[in-house]
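Input: one structure, supplied below.
A, B, C and D label the chains in the order they appear, each numbered from 1.
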């Protein structure tokens, strides 16, 4: 891989979408690899809405490439990352 | 009540019916009151078929007036008594 | 409140469910169980099941089971239908529906109702095999154990 | 083997059950659960529920839940249908069907499937009240506890 970073597609659902003010955006990673926790820190600095979306960290869940992920899950250029509250279907 | 006994309607279901050779009969009680256990003894003496129906006593269940009954349940003239194997519906 | 029926005719799950839910906005969950006739019993091909019952007692026994379920669970309604007569493989035998504001009560009640129907309602099954032999089904300890889970 | 669908349209319990049972003589029991929209939430009148989901992930997550049920229970088949969009009180939200040769497996699997759907499938509910207010439903500890019963 090159060391210049790359784009990650970020999706938001439910009240995270409403707070972030968008359902989808593309973020350029500073390097080849990051983690969910580091990506949250990066995104929180984007806008007050983003900061509000991630303020209640215990209520934020994530998926990487459509698979549930934890704070230490790796994120790489080309991945699709989604953030959302605990699910309430059924 | 009078002391001369009276009639009890007796029903048989499933393999008890087949062994007894009848689905329904009327029996005259020797007195005003008996029990399921005593009635079984009385009925078993009616015919070899009846004896066969009641031979496996642990597989015989009873109801008096459409309510599940035990060996000591009282039986009186005018009652409807049913004998059958453990139920297998559902 | 419970709908109780014993019949030779088949039943329609969709219609029974619609009847139970019709006009109700207090129901959050509906649990259901349908028992059907299997075509194979221990490797032997079944031609049919024959369901016999004790007509004067059956509906009262089913109503008592439904009343016990309503006493134990917060039910908005329930339906019990049991068929009798000759039933071929694939046929429906029994229907249990239990509706409640909450899913756990609906699910628990439907399990409870079928467990108790198996041990407390006066039905008897006879198996007719394709080779011409016929035998009465024996009650199973596992059914008594299933009912015993609900003790107390 | 499982039938999985996410749709705005309503579903037909009778038709789905018939499709699962059609031509099968190896099924002895079918367990079902239907979730419906209640018209009252803690004494407040509900106008509608809005169901949002994560389209790229939803069906795969539901298929994984069905696969886990098939691994744990001796299933002959199962069906999971979840609606999305705006649903008014009385409307059907979710359908779970589980068929097996044996009733206990069918009942256990239908409970398992709805418990896991509640915690592992990416759906979110928003409540729209008749007074115009709207709020996202919060996940409940009781749902996590219900799933935890199946641990191991």
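Throughout what follows, a residue touches a chain if its C-beta (ideal position, glycine included) is under 8 Å from a C-beta of that chain, and two chains touch if they have at least 3 such contacts.
A quick note: this is a predicted structure, and the numbers were derived from the prediction, not measured.
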Contact clusters after notional removal of chain D: A | B, C
Chain whose mean Cα position lies farthest from chain D: B
Rounded Å distance, chain B centre to chain D centre (Cα mean): 49
Mean-CA-position distance for chain B and chain A (Å): 75
CA centroid of chain C to CA centroid of chain D, Å: 23
Residues of chain C engaged with two or more neighbouring chains: 35, 103, 114
Residues of chain B touching at least two other chains: 90
Inter-chain touch pairs (all): A-D, B-C, C-D
In the complex, chain A residues that touch chain D: 11, 13-15, 63, 66-68, 80, 82, 84-90
Residue numbers on chain C that touch chain B, as the complex places them: 35, 51-54, 56-57, 60-61, 82, 93-94, 114, 117-126, 136-139, 143
Chain D - residues contacting chain C, complex: 12-15, 17, 21, 23-40, 89-90, 101, 103-104, 106-107, 110-111, 114, 146
